[in-house]
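I have a structure I would like to understand better, so I am pasting it below and will then ask my questions one at a time.
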Amino acid sequence: MIRRSFIILRRSLRKIRFKIGIVISLVAIFLAILAPYIVPRPQEGLGYVPRDVEARRLLPPSIEHIFGTDSLGRDLFSRVIMGTRTALLQVFIVITISFLLGLLLGAIAAYLRGLVEVLLNYFTEIFMAMPTIVIALVLRLTLGHGIHVTISSLIMTWWAWYARIAYVYARGVVELDYVILARLAGLHSLKILHRHIVPNIIQPLIAQAITDLGSVLLEAAAINFLGLGVQPGYPEWGVILYESVFYGGGVEVFTQAPWLIVFPGVFLLLVTLGFSLIGDCLREEIDPRLRRRWRLWF
Amino acid sequence: MKPLRTIYIVLLAVFILVIILIALLTMLHQPPRSKIVVYAYNDDITGIDPSLEDDTGLVVLGSIYETLTYYNYTTGKVEPRLALSWESSEDGKEWIFHLRRDVVFHDGTPFNATAVKMSIERARDIYRETGRGAGYIWDAVDEIIVVDEYTVKFKLKYPQKLDLLASASYAAYIFSPSALEKSGASSIYDKALEDWFNKGNAIGTGPYKLISYDPTREIRLEKFNKWWGWSVVNNPYAPDVVIIKIVKEPPAQYHGLLAGEIDIACSVPRTTIRDLVEKGFKVINVSTFHNFVLFFNTKRYPTNISYFRLAIAYALNLTEIVQVAVYGFALEASGVIPHGFPGHVEGLKYNHNLETSKKYLEFSGVKMPIKIELLYQVDYEETRKFAELFKSRMSELGIEVELNPQDWARLKDIAKGVWTSPESTPHLILADWWPTMPSPFDYLYAMFHSESKEWNFAGYENPEFDSLIEEALTLEGVNYTRALELYKDAQILLFEEAVAVGLWDEIRPFTYSSRIEMPQEALNPMYTFVIRFELVSVRS
Amino acid sequence: MTISLNYIFKRIILALCVIVGIVVFSYVLILATPGDPAVKWAGNPRGPGATRAVQLAREELGLDKPIYVQVAIFMYNFFTGNLGFSIAYKGLPVVQAIITSFMSTFELTLIAYIISVPIALYLGLYSALKRGGIFDSIIQPASVVLASTPTYWLATLLLLAFTISKISVYGTASPRLIAETEFNTITGSYLLDSILQGNVRVFVDSLLRMIPPALAISVYPIGALTRLVRVLVAESLLEDYVKASIALGVERGIIIRHFVVRSIIPSLVQISGLSFTYSLIDAMVVESIFGRRGLGSLLISALNTADFKIAITLIAFIAIFYIIVNTLVDILQAIIDPRVRL
Amino acid sequence: MVLAIVMENLKVGYIIEDEVFWAVKGVDLVVEEGTTLCIIGESGCGKSTLASAITGILPPYALTDGKLKLFDHVVINGQLRNYNGIRGKITAYIPQNPGTSLNPFLTVEEHFYYVLRSNFKSDREFSKKIAMEILPKVNLDSSVLEKYPHELSGGMQQRVIIALALATNAQILVADEPTSFIDAHLRLQIIELLGRLQREFKKTLIVITHDLLTTSTICDYIAIMYAGKIMEVGPREKVLRNPRHPYTKMLLETTPILGVKKRLKPIPGEPPSLGKEYQACLFLDRCPYKSKECYSDPQIQVIENSHFSKCWKALEAPWL
């Protein structure tokens, strides 16, 4: 399996799209780690309103403020770069937890069968039908404000997808002779899950997880954009966009300070694009039909 | 290309259709025909029961119904409206109102003393029974006697300035007794009557009558030709139809104004005012009685220490706050009663001084750094900006502020928890207030009296304060000047203890298109958001 | 592949079970939020009578009963459509509020799909037929970009563009026009209502205002469906019957139209149906940016005003819509495909 | 005598994962008009590729070399392929799996319509008329016209396909394993049908098969294919009775002949892989008669008129 992963990776690396995706993601990770050391005003990046706010409101991009300033006089560059950290943090936590939860529950449902299977599938179905934003709306009211709302509402909907995929694949594996034999031989269930089932279902799940990175990022930003997630002033692209659209009445931003919408949006788009490109190329490698050069021959 | 001809055709057809539509629209864009005024209001309407509504329904009620008297905020005097004249007894416990004679309700039924009795009793009794609505303004009213068709006598339990109360913006509207019959309600207390009103029915005496009612989209009003006041205002250009359009987002109001779809907007983004004026729109700045107050939770450490509260109060730079949060569209507050309101006191301002602030912090003995929580309303842009600014400024003092934005309903629920579970209620609560009746008692009682568990977000209990304002209230009907002095003393008490800091008194710019004319009198801060459309003239 | 009536019956039963689960789940979820609906229902009472009034309101709303009884009553009311009045907007029936909001969001999403599905079909088909060519190498990354564009951001940019060009695209229709033509919305769908009332001006106006938000919404389905169509076409080109008909000299155009496109339509319908429900959520956000009334504004205001009836019904409604669409699409797919006979 | 198909050192390969795999490794073959040729070989020997090359359904990632001529048209010339005016007009194809080879979304009538419209610009009514004429010839009545493919049995589907191929009026019919996907008891029927139609319409019929038994009954010539090359070709009787290649001999021994009781012998070993180039005889590994000369590529040996073999020992034929 590892060898196959390497082959897929090597082949993907030949593609310019994949390379672009990797470069964008690496740059994003780099920015996320080093953000406080790169940006000129880390304090403002975290939401501090400067003393000279009145003089610094809505300045256009200049050497001092590369991306301009927002309606509370904060350096937009600092905020956007600091936002990378939040963005990646959200995405990785959400994907990791949903992935593990989905893997575990999907495998258990397929392995244990019976009532457990029915119940788990039922819950999967329910959670798949609940829109993330609706859950976020409700959680915002019960849990208050903060990044934990964004993360938990995303997990609540995403785990179900992984559980579904894991379940479908695991069902196929559970029916195989050697698993049935292992079961008959009295091998411990945990061992069977660990040795036979998980290795067989993990690859499609990982592929799915990588493909989903972009979507999760978008959804997280959407939740924060709606003011349901992190606190106001927090460095997060969705929140910055929200402030741009609704602060200053929005109109002023439209006509006088378009940089407030452009920069966070472009960052969001680029990082999502980077993730999506990686996912897209990997999927193409796993599914060879899409790979061949093709022109109509008839 | 041949193969996908159908798709091509479809795309082409769609394209052509769009072009035709655009052409059609430009053709159809004709100048408006009838005298229609579209007024953009910024919130959903919560209900239009004339006796019970105590929220956004005012904007509709104010045009459909009328009160007995009218409070003129420029002169500070009470003027006649449905009542032509009135007199009170020496002790202020008996009031007689002489009613206007030529008044009819929208359904043609005549206006008389019975209607007054019924309307006011309904507001008062439902409040007494269930606590709903703003009927508490009639709390003193013991008995309403119909002397004759056009004379009503009020007997009070304790002296009050009833002519002032009768001009209140809530619970003082007179509706027609025929509503009972039309709604099929058995009595004025029947729930069926309330439902009937809230389904979009109204029978008032006002210059406009209700045509259609959709609380989340729009309310349509039509000129009531038999209104008694048309001869008084003498305005042949008054709008025939008024649309109160719910447009929540300020940018939307701005766009609507620019596109000519909205005539009057009550809350365009403040930053766009200059732009709008340059484009030929007109503005009336109304310094409203809507003010923003920062409450301290006086029942929880560390805001139970008055030195700590004072430290925060002196750290607030009101000039900066007004500039940053509301772009200067506000007056820096002095005390908790807004400018221009009876009982307003100048000089109750904590002059921004960080040194003083640090000194008080030391006195307070609170160890830095400390974390406090600020509760504020999420759907006002100004409160959000204030919160972020406040958080930054406090961080300079070593106070970490955790922001807790909530919508209004939930903010209220959390804030009043100061009485039941003060330890889990935020330390600071930013709330806003606008009055129901033109008396300082309205502000001071609701926000600081120990009995007012619903709105006293500070959890403030001070018998001295309570007795001061109670005494002032009873004096209002007898000796108004003395009453105002007592109110001043009460406010000084609040100021010294720093129970709450008045932040700013809102100035609301009403922007309107140049095709209409609107005199300053059309807007009255006492009845915020109500526009007297009878004074508005439309030129086509 | 055969789908029997039995299968459909099973599916519907499963869907019903899930719907019940969702109603219960949202009920519990909403009641867990702070804010007492009874206080709101009682009209925020003050003074001495307040406690009793709230108690009465609580009884009236049935909030004093144990939670399972409440859920059962709610469920009964939900399925009989007898939900009474909104708590926050007195006098507004819950069902009416939800239907009108839903229709307005639905028509927007529908327009977005009327725009996006043909475009996606066209782009996906051509990039699959010319795989590896210039067209494909442009369309493929472009579709990834489209699918990863934040919808609300794009909506904002579109609005910016229209603001600069001084074309009013705000709101559902011009309030003045509505006032002048005495237009009334009954269903919530302005297009439908204006057709029914023969109001051409409102129809044109609301359709034009729908285009920018619909464009913003359609970006995701264009990107995602283009990629899907490309895969499906690539798969279908490998089908034996395509090969056989090529060998029999069937023209390229006929093969593409009647063999390839026709074979991908069932899958396209299914996935479009699925993504339609996601776009509905997108539409809820985009709507609010363009100042339109719909599910988004209703849900937010319902939660903000502790209007638990509307909130729960709405959440359940959205989820149920999702399930119904899924079930319907499966059945529709079966109907389109002649191999499946019911 | 008109030559319907001429192949000169025809090579066909595929590019898979940037490597070239030659499926057909140089075939020289001539087919006369109006005759039936069976190409017989194990699976993977390149016979289907050969059929694809003739009928013009090589995928775009296929590589070609050599020359293929169908009547006067040069279809393959080195790397160039040009099937304009060939598909449906000169060649028609009868695929191996009738179940998947008819479009499930179209009725039989529509199949006829699309095929005839493409080839003759005929309208719906005319194509229906033609279909009605042809269907009885394949023992189907016109009621199938209204039906969708999945409503027909495997044998009926195959006959519809044959009817479609006939409707094109193409001279060369290529049937790629026409019997492998249908029930055993129908096989002979289909084969006989093909034979009858070939005689009736004077078509040139190429039958690709691994099934020596049933198929051989209708053909005039047999070509034995192994690992991408033709090993032996000749008139049916001669090849069957007098095999001049050890592979043919062994192939015959694996096939039961009706009425003759004999031991069936499997051929040991595996065919060589497609990816590699071989200098030696391709059958070398599995040949029990190999000798030193077999390590060089064998020349074509003429046994007699129109009977050729690609074996150094064809003339001696020690296996006979």
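Every chain is named by a letter (A, B, C and D) in the order it is written, and numbering of its residues begins at 1.
Here is the rule we go by: a contact is a pair of C-beta atoms (placed from the backbone, for glycine too) under 8 Å apart; a residue touches a chain by one contact, two chains touch by 3 or more.
Just so you know, these numbers come straight off a predicted model, no measurement behind them.
K.L.:
Using only Cα atoms to place each chain's centre, name the chain farthest from subunit A.
P.N.:
With centres defined by C-alpha atoms, farthest from subunit A sits D.
K.L.:
Can you identify the chain nearest the overall CA centroid, using each chain's own CA centroid?
P.N.:
The most central chain here turns out to be C.
K.L.:
How many angstrom between the C-alpha centroids of subunit B and subunit A?
P.N.:
Whole-Å distance between the two chain centres: 44.
K.L.:
Hey, how far is the Cα centre of subunit B from the one of subunit D, in Å?
P.N.:
For subunit B versus subunit D, the centre distance works out to 90 Å.
K.L.:
Let me have the rounded angstrom distance from the C-alpha centre of subunit A over to the C-alpha centre of subunit D, please.
P.N.:
Taking the mean C-alpha position of each chain, the two centres sit 54 Å apart.
K.L.:
I'd like the Å distance between the centres of subunit C and subunit D, where a centre is the mean of that chain's Cα atoms.
P.N.:
Chain centroid spacing, subunit C to subunit D, equals 54 Å.
K.L.:
By the touch rule stated above, which residues of subunit D touch at least two different other chains?
P.N.:
Where subunit D meets two or more other chains at a single residue, that happens at 56-57, 87.
K.L.:
Which residue numbers or ranges of subunit B touch two or more of the other chains?
P.N.:
If we look for residues of subunit B contacting two or more partner chains, we find 249, 251, 255, 410.
K.L.:
Check each residue of subunit C and list the ones that touch at least two other chains.
P.N.:
34-35, 163, 246, 252, 303, in rising order.
K.L.:
Write out the stretch or stretches of subunit A touching subunit B in their complex.
P.N.:
Answer in residue numbers: 47-50, 53-54, 57, 71-72, 141, 144-145, 227, 231-233, 246-252, 254-255.
K.L.:
Across the complex, what residues on subunit C touch subunit D?
P.N.:
Interface residues on subunit C, with respect to subunit D: 239-241, 243-251, 254, 258-259, 262-263, 337-339.
K.L.:
In their shared complex, at which residues does subunit B touch subunit C?
P.N.:
Against subunit C, the touching part of subunit B is residues 2-4, 6-7, 10-11, 14, 18, 21-22, 24-25, 28, 32-34, 36, 38, 40, 44-47, 49, 52, 54-55, 127-133, 136, 194-195, 197-200, 212-213, 215-218, 220, 241, 243, 245, 247-249, 251-252, 255-256, 258-262, 379, 407-410, 413-414, 452, 454.
K.L.:
Name, in rising order, each residue of subunit D that touches subunit C in their complex.
P.N.:
These residues of subunit D touch subunit C: 55-57, 87-89, 91-93, 95, 97, 100-106, 110, 114-115, 117-119, 148, 150, 161, 164-165, 168, 170, 174.
K.L.:
Using the touch rule from the top, collect the residues of subunit A that touch subunit C in their complex.
P.N.:
Touch residues, subunit A against subunit C: 17, 122-123, 125-126, 129-135, 137-138, 141-142, 214, 218, 221-222, 225-226, 241, 244-245, 251, 254-255, 258, 261, 265, 268-269, 272-273, 275-277, 280, 287, 289-290, 292-296, 298.
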